[in-house]
Amino acid sequence: MGDVVRKTIRPFRALRFLGRKPHTVRIPHEQHNDIEGEPLPTGRYRGIHVNDWDLCISCGLCAMACPCDAIEMIEVEGEGGKKRPEVSYGRCCFCGFCEDACPKKCMHLTSNHTMLDTDPRPFVFLPTPGIREFEKEYVVQTSKLCLVEERDGKKVVVQGKPRPRKQ
Amino acid sequence: MGDDFRTTEIIFGPQHPGIHGNFAFRLELEGDIVRRARVVPGYLHRAFEKLMEQRTWMQNVALVPRICVPDPDVNEAAYSMAIEEIMGLEVPRRADHIRTVVLELSRIASHLMGLGGMGGAIGLYTLPMWTNGERDYILDLFEQLTGGRVYHIYTWPGGVRWDMPDNWPRKVNKVLDHIERQLPSYWSLFFESKVTDARMVGLAPYDPDWAIAHGVTGPNLRATGVKYDIRKDDPYAAYEDLDFEIPTRKSGDGMARALVRWDEVGQSIRIIRQALEQMPSGPYRAKTPPPLAFTVPPGDALARIESSKGEYNYYVVSKGGKYPHRVHVRGPSFTHGIDVLEQLLRGYEISDTALITATLDVCPPDIDR
Amino acid sequence: MRKVADWASARSMWLLWYCTGCGAVELPPCFTSRYDMERYGIGPMATPRQADIFLITGYLSVKTLKRVVRSYEQMQDPKYVLGHGSCTIDGGMYWDSYATVKDVGLYIPVDIYIAGCMPRPEAIFHAFEKLQDMIKKGEAAGWRRYKDNYRFYRDNQDKVFKRGPNWALEEPVLK
Amino acid sequence: MVEDTLDHTKGMDPLKGEYKPGTIKLEEALVRIGKLVPGAETAVRRARRGIVKVTPDMKDLVLKGLKEMGFDHFVAVTCIDWPEEKRMELVYHLWSYGTKGIIMVETDIDRDMPSIGTAVPIFRPAITYEREIHEMFGVDFPGNPRLTQFILEDWEGPPPMRKDFNSLMYSVERFGLKIRYPKSLPPHLLDKGGEKNG
């Protein structure tokens, strides 16, 4: 008898989930938090690069350390013949080895993580400190990136700021 | 069509909702019954072993976790252990304990996903909804520790890459408490269900002798009663200092395989709690050459790790210099995902195909590599 | 009329359940309770004939690409392709592998690329938002591009498969 | 057609009895192998790792002997290509559940005509490993019933895992790969022309 009662009541135990708050993260209306309510991603997150051109010594170690051949050292107009790393996000695997290899610690992977476009070309760009300006933004907008194109055998900045503004 | 027009050959996968990952079968059916099954792997082939020969020792650390997607940390750890053995590197105790925590968290995440897959295969879609939700808290933890959600690139030769953040152990304990609180409702949802009993008890059983003769390892072997675990028998990381049990079951059928995985989640929680409690202080990585000048002396080493799916083996051969000469990866699914699976499927209905694959926890990326 | 249809299809999309690469491991969290894709009116669909979105989750080996092209051609118009992960843009981690194709956009038209290895669920949801926007504006025209430039895509496919003109119809005989 | 070893008609008896592993010591097993096969080099690498070096024709004898001693878990077989020395090395890894040790049986075969008898009659898991090595290295295993197309599809060209196959140049040619920073790549990959590997 008791067995029958228990079996009859059992399905109704599911009702207790009615009052529980769902743990769904309602992106994009809600911040993604961890179990203690701290926002994610944290500073350790390996996202899109920034590179401080005032510190960069054009050593090319980041390009040597890259397992994906994502970084190319290119010469940019207006930099006095110095080479700067250009990152292709069609290759980058966000391992952070470039950051480890950098002797001046000017290359840095931020916690910016979302980047999308309809065209594969804007995924190749020069990381500048300018990207820091939208570090807290939800999405990296390709219109703000520093894009470089080859014209007559010379690399020319076609979009974005080649140099950060001096404070 | 078969020769006598009684059997039909159908292509099951790779685009099929019952397939876990990118994987396919050719099934010869007689009515609903599988008369002969052939596995068609290779859809995820990326030529890892070839690519590893083209990259430096340290660059490969970024490559190896991709070999097993649900359980990536075993690859980094096994690769690092093999290199450490050739180089004679002594790993600090703290690094060993951190590795243990990471490996066990990864095991829980993988088992939760695997149990969800079993639930999905019998049409119980609530279970994957829940387990994958809990798994996500573990991914949050990984993100705070390693900076990556799925691919961590955290364990490397000589130790681990960064130390733990100060508040991380507390968060781990909170997540484990949360998962422990949830486990009873999973139990009543999945294992007390009559559908689970009807579908999984007596499903594709094998006995220990047959399993060993066919190279079955891991939870699938322990489901037949063989008390064997590399963590105990060929210990690595900090498992020697920790107290845990090896869960086994007797019957070797689908239910036993699910139950062994279920028990392992509980044991992993126990291991992580102990490892965090006993966490020694000190350095978290040994002194190694800088990544760009990282060379390994000539020699070879075999590293073995117990992953959530079975036994992982990394056989690393070095000729000296900056690049490995050969790295052979023996994934657990290479045996139980092809030859064993083909034989187990025979005689069962086509609707059991996905479930048998799920109870064996076949991981296609480590077959194809 | 087209506008009304676009508006309607942007709100109810079915995602083809085909885990082509390692990015598929981020799909279960997206479908399930933590992120819950159905808030967007997106759900998994088993058969290509009834699916609207093809999410290319990561690298494609040549063997998979053949099945992807076949599944894509089975899908009904309008259909949209999302390239999920860096490997769909330029090879990603497997840039020097003999087995994987580099730019998926050469073989099937990709509407949105998402960078990342792998992209976070946030990125996937943002891509869905953007796709809905594009559909409403009528910009997501990858399927029309495929029809208009069929020769271009077909030539690229033929170059990779090396199986003669009938590669799309044959399934290799197994011994 | 491959023979199945699992008999579904009989039905399994899972409670048939416990599995009893052999419990010979690793060192003793190596000594016995040394007696069984004269000319076999044996060594203990470290705890739980032993090595046996034999000629290819003695391989079956050693594998059989080790299986009888309790090394019944066939872990893997690895093929290593040594182009400079014109040989291919096959390493059979065998584990014993009782001894808790692994013995690696190493044997060398000729690189130009790579062929070695199959290990399938002794260890069933070898069927898949040999199938992979056959495809990736072009090694022939006479006696293996299943050396069919496995992972690669529509593959034309040399076995890809051999050292003389250049994956990078192949990608450049077939998929239009652009190399971004050649300085970071292994130099021997860039030296070779693509034409002989296509």
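So that you can tell them apart, the chains are marked A, B, C and D in the order they are listed, and the count of residues begins at 1 in each.
One rule holds in what follows: a residue touches a chain if its C-beta (ideal position, glycine included) is under 8 Å from a C-beta of that chain, and two chains touch if they have at least 3 such contacts.
All figures in this text were calculated on a predicted structure; none of them were measured in a lab.
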item	value
Farthest chain relative to chain D (centres taken as mean CA coordinates)	A
Of A-B and A-C, pair with higher C-beta contact tally	A-C
Centroid distance [mean C-alpha coordinates] between chain C and chain A, Å	23
Where chain B and chain C are represented by their mean Cα positions, the distance between them in whole Å	28
Rounded Å distance, chain A centre to chain D centre (Cα mean)	41
Residues within chain A bordering two or more other chains	23, 41, 64-69, 88, 91, 93-94
Overlap residues in chain D, where contacts from two or more other chains coincide	152-153, 160, 165, 167-168, 185
Residues of chain B touching at least two other chains	42, 45, 47, 50-51, 54, 62-63, 133, 151, 368
Chain D residues within the chain B interface of the complex	4-6, 8, 12-16, 18-19, 46, 48-49, 72-76, 78-81, 91, 93, 97, 100, 102, 104, 123-125, 127-129, 136, 150-153, 160-161, 163, 165, 167-168, 185-186, 189
Residue numbers on chain D that touch chain C, as the complex places them	148-149, 152-154, 156, 160, 165, 167-168, 170-171, 174-178
Contact set on chain B toward chain A in their complex	55-56, 58-63, 133, 137, 140-141, 143-148, 151, 153, 162, 165, 167, 170-171, 174-175, 178, 291-292
List of chain B residues in touch with chain C within their complex	11, 14-17, 19-22, 26, 38, 40, 42-47, 50-51, 54, 62-63, 66, 69-70, 113, 116, 128-130, 132-133, 135-136, 139, 149-151, 365, 368
Residues of chain D that touch chain A when the two form their complex	179-181, 183-185
